[in-house]
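Following: one structure in structure tokens, then a few remarks.
Note that the chains are named A, B, C and D in the order they appear, and that numbering of residues resets to 1 at the start of each chain.
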């Protein structure tokens, strides 16, 4: 029971961070801060959601899988962020369409 | 609640499709199309079809996205943004068509079981344990065989358009920064592993030759993006063998049945047969998809010269005067 | 039950929007994207009939058909994109030359 | 036997892909030896034992995929075998090595797909096979690498993709309605109703797009006119027939028993008549020989669609056999004659370097064999006795008069006159004396003979008219019987 409530709260917290990241993506003025908002907040949000699901999941393999998902998403999003940032840095005149 | 989620997914699918059509920039349209693919795979996860969700995420959003972005980069016309649309009034007949089809959808009885019962009965005899894989490789193996043929034909068509013998493409510069190299060195083994896992899983759970092949193909494309010739490094004969292997094993399966005087594609119900075909199919799918992604590039300089010469001496039929 | 109608109608809308986009755009890339949206609609329709009541019991045959269809669609897309690139290299245009087709379709 | 019709060309396709050396054409030679023999064997088998089905993989009716052979499939198989084999031999001498490497695997794959299409019995399998045909055809159409051919090829590919997707959505509707994919089970199960009607409309539209009936014919002339000669011949003679065959199968086998075809049949008939008139008129004013021939394909496809109002409006019509015979005869004789015309045009281009008909003056004395071929094939297209085209139009006329739908007679009568117009326009230039003799290269022996053989065949099938029509009737009866009680 207490685990369920905790898990729901954690998922809600994760959703809140996703929302924040998206608002940041839409509202921030330049590419770097948009990237920053997106990756930071989304990774955190995903972390919270994974944590919430870990509390709700019954078996060990599922918990390991969830952890792996989080890790892979971290690697993926941070390197994507790095590549985009690198690209913007090296082609400064390139504004988006 | 579930209904709300379905409506949300459905509505955003239509909205994104509308935006894809109306977006002023081509880049926007392509990025939106990738989003569309991801949402579509969400819809399929909602509809209890994890296989399709996996395949769509990998192909519709991943590989098609790479292909489209790559083409967009190659055909970009600087300083000339022209949407060049016409026939916007055609929207009306299209919506009319949608209305008509929707009217007939209302008459569908959604409780029809389709072939699910027949498949269940067939599962008693086949050696595979997962119905989707059984349908793909056993019950309707002929479709899968010809689908490998379509893939092969696409590669052949690519070579024909490019006038190349193999898919060797000009090398991209290797990433200068360490993060890129590091990423590839950890991602590639992971990709191999995940692909193998999906392939192994396919016999009894969601997964299988196609999903595995797509994941491996992603590895091949990644390798090429990292400045490696990828499949181009293989000797041509080996590459050719890889591309037809799955197709050829299916052929063998079909032909051996004839020797035993049974209808085509009948095989002894031993898992080894099917698994051999499945693994070869996964390999061929990976090779063909990678070839499709990297083989569309312009040829190297040396080849290009010979290409020009090719065209000049060309077929004899090219003596036709171009009007 | 309702899920079926929602997704089936969405599928039809996607198909028709894609069809419209195919006629509407001149740019080859956009036409190919529109064809892919159409294909997405068709596949969604197949899966929605595979799973009419969302009870978890799914008909595997449409799923297998969609998997086959996805491979066919990506093969044709890749080939079409390659052709579009070649045309761009030769003519510098991303459109089909309408003067080449002796008359221009049914409009 | 019938499985080998698919297996042999596929093996040869793989072989020519894996070993594209000097002897690549031998794969094509071997196939063109084997396929006519296999097709003849299958035909004998069906002739003696009636229509038959095989279940691939040994999986029985609703679950597995079947191949179905009856009189109709056998006729198309034999036509494909004959035309395919002769064009293969022509191609072996026509293409240089660079192009041959791309040509053979694609054509052999397409051959296998066409053979499979003519035996198709499963609607989703039909989609996959159609796509295989489409992609091979589009790739072959761009074989010359010219800009025009690339554009024509891409336009064809996109129209065909849209058509296939419409067909596939129709498959989805049929599956939703009946939960089945096998055509011959569908012919039992399918009742009328909105869902079946939607499937019917979608599948018909998709296939009509692919077989270039009038409003969707715009892709055909550039695609067929810009391809290398043997490829144009293959596309015109065989590929269009593939989607037409499937349409015929679906209408007669699946939708007609469900009783939803009658109104649409008139629409298709009208479009067919319009296609005959419009295509023939366009052919009259084209400046280039290959475009004349390509527009003539638009017109000749129109004739095929006259079958639908004659067959699918009145159940069990007494004139059905004549309509069947007319349509099938038209398909065969058009396949043979059109292949002959395109190959002869290819020879002309080889010799003079152009196919503009103004430059064709005096070819009658310089290339008598090619001119003779053009004339013979033209006779069959016009429908003069004793050619195959004559039998087709005669049968059509009889069916039209018997059915009382006299207005369809516009197509054979006016169409025949217009056809005569463009055929004589070609031949007229051929016999004109040129003031200044243009330079002409000699055409190799085999390249001159192959189109001649094809043209002769298109005439000769008319000589054996009674026997072939008798066979057709028998086979059609078998087909209907099997559709009735499989």
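Here is the rule we use: contacts are C-beta pairs under 8 Å (C-beta built on N, C-alpha and C of every residue); 3 or more make two chains touch, one makes a residue touch a chain.
Nothing here was measured: the structure is a model prediction, and the numbers come from that model.
K.L.:
If every chain is reduced to the average of its C-alpha atoms, which one ends up farthest from subunit D?
P.N.:
A
K.L.:
When the centre of a chain is set as the mean of its C-alpha atoms, what distance in Å lies between subunit A and subunit C?
P.N.:
Centre separation, subunit A to subunit C: 31 Å.
K.L.:
How many angstrom between the C-alpha centroids of subunit C and subunit B?
P.N.:
13
K.L.:
Averaging only over C-alpha atoms, locate the centres of subunit A and subunit B and give their separation in whole Å.
P.N.:
28
K.L.:
Do you know which subunit A residues sit against two or more other chains?
P.N.:
In subunit A, no residue touches at least two other chains, as defined above.
K.L.:
Considering subunit D alone, which of its residues make contact with at least two other chains?
P.N.:
124, 128, 131, 135, 138-139, 142, 147-148, 150, 175-176, 181
K.L.:
Scan subunit C for residues touching two or more other chains and write them down.
P.N.:
Within subunit C, residues 15, 19, 32, 49, 61-62, 65, 68, 72, 75-76, 79, 83-84, 86 contact more than one other chain.
K.L.:
Edges wherever two chains touch, nodes for the chains themselves; is that graph a line, a ring, a star, complete, or other here?
P.N.:
other
K.L.:
Can you list every touching chain pair?
P.N.:
The complete list of chain pairs in contact reads A-B, B-C, B-D, C-D.
K.L.:
For subunit C, which residues count as touching subunit B in their complex?
P.N.:
My answer: residues 1-10, 12-21, 23-27, 29-30, 32-34, 36-37, 40, 43-44, 47-54, 56-68, 70-72, 74-79, 81-86, 88-89, 92, 94-95, 107.
K.L.:
Tell me, which parts of subunit B touch subunit D in their complex?
P.N.:
100-101, 103-105, 107-108, 112-115, 118-119, 121-122, 138-143, 146-147, 149-150, 152-154, 156-157, 159-161, 163, 165, 237, 240-241, 243-244, 247-248, 251, 254-255, 258, 262-267, 310-311, 313-323
K.L.:
Enumerate the contact residues on subunit D facing subunit B in the complex.
P.N.:
For this pair, the touching residues of subunit D are 3-4, 6-7, 10-11, 14, 17-18, 20, 54-59, 62-65, 67, 94-96, 98-99, 101-102, 105-106, 109, 112-113, 116, 124-125, 128-129, 131-132, 135-136, 138-140, 142-148, 150, 173, 175-181, 193-195, 197-198, 202, 228-229, 288, 346, 349-350, 353-356.
K.L.:
Per the contact definition, I'd like the list of subunit B residues that touch subunit A in the complex.
P.N.:
Subunit B residues touching subunit A: 25, 27-28, 81, 177, 179-180, 183, 186-187.
K.L.:
Tell me, which parts of subunit A touch subunit B in their complex?
P.N.:
Going by the criterion above, the answer is residues 75, 79, 82-83, 86, 97.
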